[in-house]
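Each of the two complexes below includes subunit A, the first together with subunit B, the second together with subunit C.
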Partner chain A sequence: MASVEYVGARRTALWTPGRLRIAGAVALLALWEAAGLSGLFFRDLLPSTWRILQAMGDLLTSREFYTHVGVTVAEILIAFAIGTVLGTAAGLILGISRRTGDIFEPFIHYLAPTPKIVFLPILLVLFGVGMGSKIALGAISSFFPMALNIAAGVRQVSPVLLRVGRTFSLSRWQTIRMIYLPALVPPIASGLRIGLGVSIVGCLLSEYKLARAGLGFLAGQYGDQFAIAHMLAVLIFIFVLAVLGNAVIERLVRLPGPDTRRAK
Partner chain B sequence: MASVAASGRPLLPPLVTRLLVIAAGVALWEGAARLGWINAFTAPAPSAIWSGFGKILSEGVLGYSMVVTFVTAFGAAACGSVVGIAIGYFLHIWKPAGAAYTAWVAAAASAPLVLLYPLFLVIIGRNMWTTLVMGAIGCIPPIALKTKEGLDGVRPVLLNVGRAFNLTSKQQFWMIMFPAALPSIFTGIRIGLLFAILNVIGIEFLISVGGLGQLIATLGDRFDYPQMYAGIFFVILVSVAFFWIIERLEQWLLSST
Partner chain C sequence: MANDAQGTTPVLRLQNVAKTFFTPHGDVRAVEPLSLDIRQGEFISVIGPSGCGKSTLMNIVGGLIEDYEGSVEVDGVQVRGCHKEIGMVFQEESTFPWRTAIDNVAFPLEAAGMGREERVAKARELLHLVGLDGFENRFPSELSGGMRQRIAIARTLAFRPRILLMDEPFAALDEQTRLLLGDKVVQIQQELNQTTMLITHNIAEAVQLSDRVLIMTFRPGRIKRVVEIDLPRPRSSKMMGGERFGHYVAAIWDDLREEASKGLQELERLRS
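This part shows the complex of A and B:
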């Protein structure tokens, strides 16, 4: 029995999460390399990791690449800002006024999961093939999670806090600034995280479809030229950008403002 | 909103007010298009969109496109469910793997996986399989996470009852663990199905292959704006109806388990 327990303990110690993660990463890379060398796919369809790294080096040393990065980052940031501001305002209105919420929230609730990309033809007609249509799609995408999260968060604000506010004769704006907003940090954080993700997807998908610049346009162009290593390098860069964006949001929403402390 | 009685209670129920708001919006749009306040070519009047809807309906393309989209999305969700439930079960049953890889699956669930479509486009080609694979990939992570969550959350007392009855591990799984985890697994499948629909319509639109997404892209390319708007509104209506049905179905299932 003792020896069985000993073997069990050794087996547990052998497969620690850290080692398993390294093993998983190595296995994925090995699988990729093996698939590329297997001859099952067209030549150059699955380039080696070394070639992808070389392509990444080419991109990072090219000035043109940074123009595309600049266009995409600008589109995402502007779209995210517009969607966040409008979504926050709509969420506050829907959450604070129960009647307005009863009437209009179902529209937002049921429109939120619709595929926003189908609006792109209308946005192309309205804003053209430049940055405008991409910003509009990104903004529409990030509006919904923000509005829904804020509206749900407002309804969960403790009535005690609101009564305290009324006792101090706070104006509506002061109530929003000093009670609602500090109490809304978790739903705002959640809305920002989802909003950034969907606005990245919105901007990049519309760049894939029709654009003159941007990372989505660049990835599509490399795909058309069958420069797969370069296309994959762009896709990896896009994912790194998304992860970095999420990390920044994560860090921002963890910073407590003075009003948060006061409300608590 | 304006329809509020002196007592503070609304005169009209919210549903009626909602319908009135939609009717007012449509009337305003129609009036603006007819009076030339907005460009009726790029933003056609609702009456023109309605006749465009009649045209695509009579040509039979709308029904066919909807069937193609839904078959692809349900096929993708079925494939994604099988793989997702298997991954979730694996992460639950082998604890070190659960500790190591759950964060990876969670990262994949929030990652913009749909942006990988050019890779699958060059590997699989410009056909329906790309759409199906992209739909399936989108729904695997949430289903895997919810399956693991459901299995992890099975109450120990239920497992002890199974042991007291000397159930085999297979019986323990099918008679106790799976039914107990079913509500969570169904929530995962609901989220996965929504992701599958979003990805399928999005990829159809981008690569112009398949159902409703392709229909909108084609009508847009032909500058047939009344029909294009009709197609877009139809996709929105279908998505809303689908979401509503899935939500009700989930509520019904959760209340019956």
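This part shows the complex of A and C:
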């Protein structure tokens, strides 16, 4: 044969990461199904995928479910928005003012990994059993990753770009808008991604603890009734919501650059 | 004021400008009192060994250092802090990577509140001036280092500064690019009659571009000698082979050599 054959390249082409991922998911499902059928576990503990699908069908056709979805989605969106705005502002202040950063950043660093759910009793008293306390917890959760990511990102901004801004007599606000924020798109994007995740966790967890509505509340109720298939269906629904949220962030937060332009 | 520009009032006047840095390890006198007048359209180079305070001087004139002794005057008016009459170009990579070439150049105009159409038209003119027609919509990462530095120069010129300050703008470039960019800068400078102050440690570059070369001493920085470069204009890098060009380079090196070796000794002393 005259032409060069890339045997190795051909072989890897069969197992692309995407196909491997699908194969992994299929294998996991098969394992789940096999474990359920084996009779080694209590029957209702590992409901078959079919029963989970049925449960999903129940949920999607009940009107009540959408009320819960609406409550949770509203909580998450409001919490995420509040946490992001406050976190961005705090991160900018901590990053730009070295002194403020030196004083306050350690507190934020040590508070960040604390499970925020410990604040729930206080938040319940302050904001009530309804959406208020859930929003507060979700906002607190997403505040930290945003603030820390931005504070660290600010220190990575090239000093010469800031000097350029000074020579053009930029105001403080212009410096933030025209230099810091565009320069900070990568840390903002990762802060948003992590922030969305933890605000979802924060809202759901507090719903699960004490609430009258919401997907976390619903999952908790199904769990208490040992309706495992329905509980899992709710969790899968939440998972899909989170994936969608991430996809939206990824589409929206992008730095202008040669790659995105060519894609157009 | 501008009417005086051709006459007696210098565009830029430094009077007894001096700077001491107070550090935990003691005070460092970076610049000794230094006075200098620069005429409209003049191209001045400041040359000196590393650590002679030439960048400090540049940052004082550009307004990035605000606490110094003496005074800086533009058209007879004292200035302190960054000033729109004084534009700076830096040695480091300074284009905004998230902006296209044209939006980089339009940056100061945008900051000044100029409308989109007007500032884009102005930026287009400036890109033409620096020879980057057709690259308007490219991002810096798609361009060479020399092209990026030309964008930075165009961006600084967009403000129409009375004085253009350049801090070793070619230092990060390879030798050939540096020579060609030098030709471009001198051509633009002549075209705009742009008063320019260049900081450099490259002797040939200083001779190629300047009307006057200021040789600075090693720390603390003083003006050791001022060399008038009496070469015909228009200048270009082609002159480098000429006899008079070589003569100027040799004369400047004569003065600089002593300072440079002082600097080197000091550096070795600190290392040991």
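Just so it is clear, the second predicted complex is superposed on the first by the 231 of 264 C-alpha atoms of A that agree within 3 Å, B and C clash if a C-alpha of one lies under 4 Å from a C-alpha of the other, contacts with A are read in each partner's own complex, and residues count from 1 in each chain.
The rule we apply is simple: contacts are C-beta pairs under 8 Å (C-beta built on N, C-alpha and C of every residue); 3 or more make two chains touch, one makes a residue touch a chain.
Keep in mind that what you see is a predicted model, and the values were worked out from it rather than measured.
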| item | value |
| --- | --- |
| Subunit B versus subunit C as contact partner of A:Gly57, first or second or both or neither | neither |
| First, second, both or neither for A:Val160, with subunit B first and subunit C second | second |
| Which of subunit B and subunit C A:Gly70 touches, first, second, both or neither | neither |
| First, second, both or neither for A:Ala183, with subunit B first and subunit C second | second |
| Touching partner for A:Phe41 - first (subunit B), second (subunit C), both, neither | first |
| Touched subunit A residues, subunit B compared with subunit C | B |
| Subunit B and subunit C contact sites that coincide on subunit A, given as residue numbers | none |
| Interfacial residue positions of subunit A with respect to subunit B in the complex | 12, 15-18, 20-21, 24, 41, 45-46, 99-100, 102-104, 106-107, 110-111, 113-115, 117-122, 124-126, 193, 197, 200-201, 204-205, 208-209, 216, 219-220, 223, 226, 228, 231-232, 235, 238-239, 242-243, 246 |
| In the complex with subunit C, residue positions of subunit A that touch it | 158, 160-161, 163-164, 166-170, 174, 178-179, 182-183, 185, 255-258, 261 |
| Residue numbers on subunit B that touch subunit A, as the complex places them | 1, 4, 10, 14, 17-18, 21, 42-43, 96-97, 99-101, 104, 107, 110-112, 114-119, 121-123, 194, 197-198, 201-202, 205-206, 212-213, 216-217, 219-220, 225, 228-229, 231-232, 235-236, 239-240, 243-244 |
| Complex interface listing, subunit C residues touching subunit A | 62-64, 82-84, 86-88, 90, 92-94, 96-100, 107-108, 110-111, 137-139, 141-142, 155-156, 159 |
